[in-house]
Amino acid sequence: MNIRVTVWNENVHEQENRIVASVYPDGIHGAIAEGLNADPAIRTATATLQEPEHGLTEEKLAQTDVLLWWGHRAHGEVADEVVERVCNAVWSGMGMIFLHSAHFSKPFKRLMGSPCNLSWREAGERERLWVTSRNHPITAGLPNHFELEHEEMYGEPFGVPEPLETVFLSWFSGGEAFRSGLTYKRGAGNVFYFRPGHETYPTYHDANIQRVLLNAVKWAHNPAPRLADPNAAPNIPVSKALEPIEERGSRLHDDGEDGYR
Amino acid sequence: MNIRVTVWNENVHEQENRIVASVYPDGIHGAIAEGLNADPAIRTATATLQEPEHGLTEEKLAQTDVLLWWGHRAHGEVADEVVERVCNAVWSGMGMIFLHSAHFSKPFKRLMGSPCNLSWREAGERERLWVTSRNHPITAGLPNHFELEHEEMYGEPFGVPEPLETVFLSWFSGGEAFRSGLTYKRGAGNVFYFRPGHETYPTYHDANIQRVLLNAVKWAHNPAPRLADPNAAPNIPVSKALEPIEERGSRLHDDGEDGYR
Amino acid sequence: MNIRVTVWNENVHEQENRIVASVYPDGIHGAIAEGLNADPAIRTATATLQEPEHGLTEEKLAQTDVLLWWGHRAHGEVADEVVERVCNAVWSGMGMIFLHSAHFSKPFKRLMGSPCNLSWREAGERERLWVTSRNHPITAGLPNHFELEHEEMYGEPFGVPEPLETVFLSWFSGGEAFRSGLTYKRGAGNVFYFRPGHETYPTYHDANIQRVLLNAVKWAHNPAPRLADPNAAPNIPVSKALEPIEERGSRLHDDGEDGYR
Amino acid sequence: MNIRVTVWNENVHEQENRIVASVYPDGIHGAIAEGLNADPAIRTATATLQEPEHGLTEEKLAQTDVLLWWGHRAHGEVADEVVERVCNAVWSGMGMIFLHSAHFSKPFKRLMGSPCNLSWREAGERERLWVTSRNHPITAGLPNHFELEHEEMYGEPFGVPEPLETVFLSWFSGGEAFRSGLTYKRGAGNVFYFRPGHETYPTYHDANIQRVLLNAVKWAHNPAPRLADPNAAPNIPVSKALEPIEERGSRLHDDGEDGYR
């Protein structure tokens, strides 16, 4: 079965910064898409902040099985309407993968319900990732640990809810440790946060990182049909109760009416 | 140690509906506060939608250890600014307990990051609550199961994230089962959702329910000092790294500057 | 890819009780295997208590991707050596599904680390299962709820650790609710507990139950190679440290030696 | 309220190794007990492997609110009968804290249901612990990170079940990261694993470590009465069903009889 992936990138650093442009001549989204397309089961499209509706129309999301999100400098420029649309797609069953500085993106903070803050240092130091969950699908084909010679540091405490599973930890030369791979479920949607990916380093050209993203796409993909309305809160009238009951006491609502929101 | 509790209630049904007014002549908030004040370690205040800033000023929240929330008809009238203020207080360490129809309140949906939807039926049917976590602090002094003769039904699937712990299940006469007591942590704050409490029934006068709320207040209370800024994301300059490192590679940020949000 | 399944059954009631024999003329294991074999991607074998080594030799387990376990009357007759072998297979990556009264089986108690107790009643009452985790792979193709007209009751508190995810709740005519579908991971192995399946009722002939088992097999199956030694605790000598360090202070062990167990 | 603590230590290295004896002249148990007794709310006793029944009689456990466990060289000498007794006490509500090499102790492996393995190196390297759960009771009064200048290294993957909460991560000079503080619940008992504490280093004389142990004792303590029988699996006869039901279909058991184990 094909998995339809959309890689979203704000695509700002690439336009403004010579170094980032040289590391990612096709944009961060381009590099990620190229890595994913190496798997014949995956068809990858891209979308960026600058496109109408940031390239994330209802139609596009309806045809996206898994969405990857990279943002940093322009978090505040993402329209709230698109954020709600993306969250509704996740709740309906779309998989979603948040990358690196997307920890502070609007949709990640919206889905986590928490500050998503951390400490950080941009010093090109060594990061070593450790697998904590044996044979987790997201770690398929990976060694127990691997290195990125140059990365930005992220430090704990990381202001996210306790995950379903902690899949990776990171060690940094400067002395910090961090929970770098975390799984969640929100509504019907699988969500994965993956830490590495600073824009000035060639992280998305690294074979192990590409493998993690490929695995994560397959893990996040849910082949079940998308929920028609992930926010539905149906009233079940007494006449349709599964066990015979009689209405008792007083009430405020009429049969089948909408509840209060 | 005293625990400072604030019971928040939208206080709308009590003003508009004769039945609710007769069940709760002092308001739902009044009944809950009375139950809590039976414990000398707890000092309870109330706040309602109609007060300036809904009675939830910065000062009030700063002096609240645990906030309880009851809302239903007027979810949409709660100011977004107050919702953010409440969430920031939770992230800083304030405990919070969401009651019954508060599953669709703005702060609960904001903290869960999910639709928080469910099915429902207002038929005064029997609800029986079952303890699922033995000797959990929230179940102290309770039997393994207890009944509410008349309650509104809530049915699964309940659109919330997997909790830290499932503390209660409910059985309903009409044939549904529901996860009725769920614990979460958001930032530094403990969060508890507790299902019963429909406005037309005397649920908050029930001794077992009062016991749950008392236990939940003690469980949610965190005596640690509130975090000064729950959203802080400090830059750690190379010169202050805990292990000696040298800056390598190129970078976008200056030492100690704010990151992008 | 084919999934190699082994259905294990103590196969005692079928030999001793006329009713069970009439409901399951090919044994409970036979009925379960027949349901699974309807999927061409699954090849199902069976094993029973009466076979040498209960049919669970090292070779058999090495060729089993997912093991299902049904036991009741003869829990105590399962050899401890086989229990350890099964647990080691799970820790190495074999998926495992425990059915109904297997809550008190030796391997389930061994993997849970808890009493696994519950209350029960054999009255042929109605059970209704509710899906609590939307679009979970184990619920694929199922409605939000379905019924078994005759089942044994299991009641809370269920003495198991908090699961990774609660997938099903049960409602019973007699007034109980129960967490009926629970996921775990132990070592590299996925574990699922599924409540229904009393020997005197035709539960394993039910289409929804067969669907759950099929889904659960696919969920539990991990295509990664089995771990060679799931209990390995390797010493990493200073000379092989990933960062250059020098040995400091005193020590008890020699390089590369086995640790204490 | 007083909390009654028992510190259990195998007390072998202290007798056999000059260095350990000089670091812990009163034994590791003596050092831990001294740290805990600094809090007037805690009364600490000790027990060792060499005592009859390892000092852990039924009476002793019945009067222990929280048990700490340190073992290493003599895991295999702990009697299985005592291990079952300790686990039953945990399931009944006794809190339990496993220290350092107790990851391979019999009761920890029994309660986890998993291999509990890890990689290790004894090089006196620096360990830095990071708090991952803000304002968790176990971190009260601690900075966001603190150091131990000399410790044994433990590396991931750590073969334990996903915890309720990850409270600490460790960073090691040699390049590893590790989940160092993990909470669990088993039956009615709270369980905490805390990594540091190698016998040749003065870890238990460190003020931050003493603070963690004090906090952990208070967190693990459950004031609820101990369960009379944590393994009880009561039959509920039809005549005592909470909702009126009639027995239907055939059955194997008589009313009120014991189930199969």
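Letters A, B, C and D mark the chains as written, and numbering starts fresh at 1 in each.
Basically, contacts are C-beta pairs under 8 Å (C-beta built on N, C-alpha and C of every residue); 3 or more make two chains touch, one makes a residue touch a chain.
For each chain, UniProt lists the protein as follows: A, B, C, D = ThuA domain-containing protein.
All values reported here derive from a predicted model rather than from experimental measurement.
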On a CA-centroid basis, which chain has its centre farthest from subunit A's?
D
Which of B-D and C-D has more C-beta pairs touching across its chains:
C-D
Using CA atom averages as chain centres, what separation in Å is found between subunit B and subunit D?
31
Rounded Å distance between subunit A and subunit D, as computed from the means of their C-alpha atoms:
36
Could you please state the distance in Å, as a whole number, between where the Cα atoms of subunit C are centred and where those of subunit D are centred?
27
Show the residues in subunit D shared as contacts by 2 or more other chains, in ascending order.
128, 133-134, 145, 155, 159, 162, 164-165, 173, 175-176, 185, 187, 242-243
Touch list for subunit B against partner subunit A, complex:
13, 17, 19-20, 72-76, 87, 91, 101, 104, 110-115, 117-125, 150, 153, 155, 159, 161-162, 164, 173-176, 184-187, 199-201, 230-238, 241-243, 245-253, 259-261
Using the touch definition from the top, list the residues of subunit A that touch subunit D in their complex.
128, 130-134, 144-145, 155-159, 162, 164-166, 169-172, 175-179
Can you tell me which positions in subunit A touch subunit C when the two form their complex?
93, 128, 133-135, 137, 140, 145, 147, 164-165, 173, 185, 187-188, 222-224, 227, 242-243
